[in-house]
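By letter and in written order, the chains are A, B and C; residue numbering begins at 1 in each of them.
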Amino acid sequence: MAETARLAFAEETNAEAIKADQLREACRMAEALLFAASDPLDESDIAKRLPDGVRVTDVLQSLRGQYEQRGINLVKVNKKWTFRTAADLSWLLSRESNEQKKLSRAATETLAIIAYHQPVTRAEIEDIRGVAISRGSLDVLMEAGWIRLRGRRKAPGRPVTYGTTDTFLLHFNLESIGDLPGLDELKSAGMFDGRLPPGFGVPTPKDDAALAEDEDPLEGGEEADLFEELGPVGPSDASEAA
Amino acid sequence: MAETARLAFAEETNAEAIKADQLREACRMAEALLFAASDPLDESDIAKRLPDGVRVTDVLQSLRGQYEQRGINLVKVNKKWTFRTAADLSWLLSRESNEQKKLSRAATETLAIIAYHQPVTRAEIEDIRGVAISRGSLDVLMEAGWIRLRGRRKAPGRPVTYGTTDTFLLHFNLESIGDLPGLDELKSAGMFDGRLPPGFGVPTPKDDAALAEDEDPLEGGEEADLFEELGPVGPSDASEAA
Amino acid sequence: MAAELPFETEIDKADSEPSFLVDVDGFEGPLDLLLDLARRQKVDLAKISVLALANQYLAFIEEARRVRLELAADYLVMAAWLAYLKSRLLLPEPPKNSNEPAAADLAAALANRLRRLEAIRAAAEKLVNRPRLGRDVFTRGSPEGLAVLKRPEWQASIYDLLDAYARQRQKAALSHVTLKHRVVWSLAEARDALERLVGVITEWTTMDSYLTEYLTTPETRRTVRASTFSASLEMVREGKIEIRQDAPFANIWVRGKSGDVPKAPETQAA
């Protein structure tokens, strides 16, 4: 009696061991299939390739468990299975790298006008430049952190006024906005030639945080919205900004 | 006394536990990176993205061990790491659609000669095979990205030397060029005397980027030109290569 | 020479074998053919009978010639060399001090080349039968890829900035001068204004007072006066108004000619 029980037990454990082996091998197979597949796999697709006698759900459940704590997980999406990078590690997969880019001429010109004439509206910039400003130029300047929306001009249409930031001063190594050279300095630096009309002047730039007399404050949260409202960046803008 | 000893022990195990945790987390990260990467990753690239204080070699060795018995394996090719399906599951995964062109005998032998004898010149390849190499054979190998022009032999006529690439190692699942199969047999057979130049007799293949002593660098832009200069592919060549 | 003797029996055996298929197409050159022949000796290449091999090769070439098969030149070169080697192997060795290499060395070198070719073939076989990427082993089917996000860091110098500013301002300043157009009152404008005004005024009035509204700047005053005067002459001719001037450079007087007032003679106006 004892002997047969022992045999039966041995047989059973043996059978179990065989079953465990089978499951392990099926897991390896499913793993390789899922890894090499270019799209998520259907359970039935996987089942077709697994040896008879193993249940595909057992295999996938077991695999899912094995990968639960790992850097990649087995996930079921829309009834299909696929490996995915663990969600908490997604930050790893992209790395930022700084890329130095020269400011476009249009953006440089816009920035220069904002620096000297701030607070200044878009229409005023365009009036000085004699050309419309592309969205891209303002975008780039905003992205660089060199200009900011200051407020709204107390005038019909209440246009937004632009000004420079501290980051601007830092980048251009200016102690204050007043360090921007005036007309005489610009002339003596050879920036202007002699053919200037009488009455030509260069404003004394001011970047006070306090609003000017003809400025109203932006409303709360308006800054972000305003910038959005300028519309999407078109490809032509982007290329100009580059 | 006993108390301090106990504390020290506790501290030690604590430190070990922290270290194990760190390693586990670093493994997860390396795993995610290697899974997500579309090309093999340099050890140094992985190291850059791992937290400080873990050794990348420890992490990768540990990971390799963890995946050894699985359906996917972590393999190392010339200091680069990548996940692959296990070789024994090839029957499961073979794709007919992806069937590779069978290499011609000439191309296969030429590849083997380049692999085992590199850096090697065309004349040396022809000497071993006892027949001229067709343009097609070299073309096919070059196109597959398995061979490259290394430099010029410091010898009369300054013939171009050929060698294998990392793509070659990747394709043939070799960790390094020293893992070429049968290398020991070839060496022990000591049959690399014959009419080959002295120094050619010891077949330790080198695929170092660094040139051998008897190699000169190719001049700038020469690589492309050289390959062109081999002449157009004739129809007979093409058929041999296919 | 003595070394070759043990193989004599083998040579005979090899020679007595049925002739080979004359098909040179299957071979990759004479060395390949030789290797194939050597394998038929079924011995280690190290112990091969080069003499037997030479005989077999020459027999093969003979057969090929008999059926007028065209042979590539290198097969013939090899045949000539093997014929020479054969004769050297069969003839007594020349004196030791001769410059010519010993026949046995030549034979050994040939055997070595064959062994080398065989070895590299075996290696090639092993190489191409390794598990190969894309055939036996596979990389991940859909890697997410590691992205490197390029964050632009904008660069501009203070010089760029000032230069850009000065250039724009200068351009704008100069273009204002050149683009400034003169304000000109057209005759039609002047006449319209005059017609509107004379309708309500029937008394003599200076022309300037008609025009106060338009005489804002010195520049406009000139053009308005000139045009109005020209227009008034036209209207006088049409009998719609009368004008007079009392002295040179004095005010010009204007009055409307109402419909019921009899027409004054034109001369009166001048």
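Quick note on the criterion: contacts are C-beta pairs under 8 Å (C-beta built on N, C-alpha and C of every residue); 3 or more make two chains touch, one makes a residue touch a chain.
What you are looking at is a predicted structure, and each value in this text was computed from that prediction instead of being measured.
Asker: Where centres are the averaged C-alpha coordinates, which chain has the largest centre distance to subunit B?
Answerer: A
Asker: If I average the C-alpha coordinates per chain and also across every protein chain shown, which chain's average lies closest to the global one?
Answerer: Checking distances from each chain centre to the full centroid gives C.
Asker: Distance between subunit A and subunit B based on Cα centroids, please, to the nearest Å.
Answerer: 37
Asker: Distance between subunit A and subunit C based on Cα centroids, please, to the nearest Å.
Answerer: Comparing mean C-alpha positions, subunit C is 31 Å from subunit A.
Asker: Pull out every residue in subunit C that's touching 2 or more other chains.
Answerer: Correct list: 138-140, 144-146.
Asker: Could you say which residues in subunit A touch two or more other chains, in rising order?
Answerer: Within subunit A, residues 32, 35-36, 83, 85, 93, 95 contact more than one other chain.
Asker: Could you please specify the touching residues of subunit C with respect to subunit B in the complex?
Answerer: It is residues 28-32, 34, 74, 109, 112-113, 115-117, 119-124, 126-128, 130-140, 143-146 of subunit C that touch subunit B.
Asker: Which of the residues in subunit A end up touching subunit C in this complex?
Answerer: Per the touch definition, subunit A meets subunit C at residues 32, 35-39, 82-83, 85, 93-103, 105, 107-109, 111-113, 115-116, 128-130, 140, 143-144, 146, 171-174, 180-181, 186, 189, 191-193, 195-197, 200, 202.
Asker: Write out the stretch or stretches of subunit C touching subunit A in their complex.
Answerer: 138-142, 144-158, 160-177
Asker: Quick check: in the complex, which residue numbers of subunit B touch subunit A?
Answerer: Its residues touching subunit A are 27-33, 35-36, 49, 69-72, 83, 85-86, 89, 92-93.
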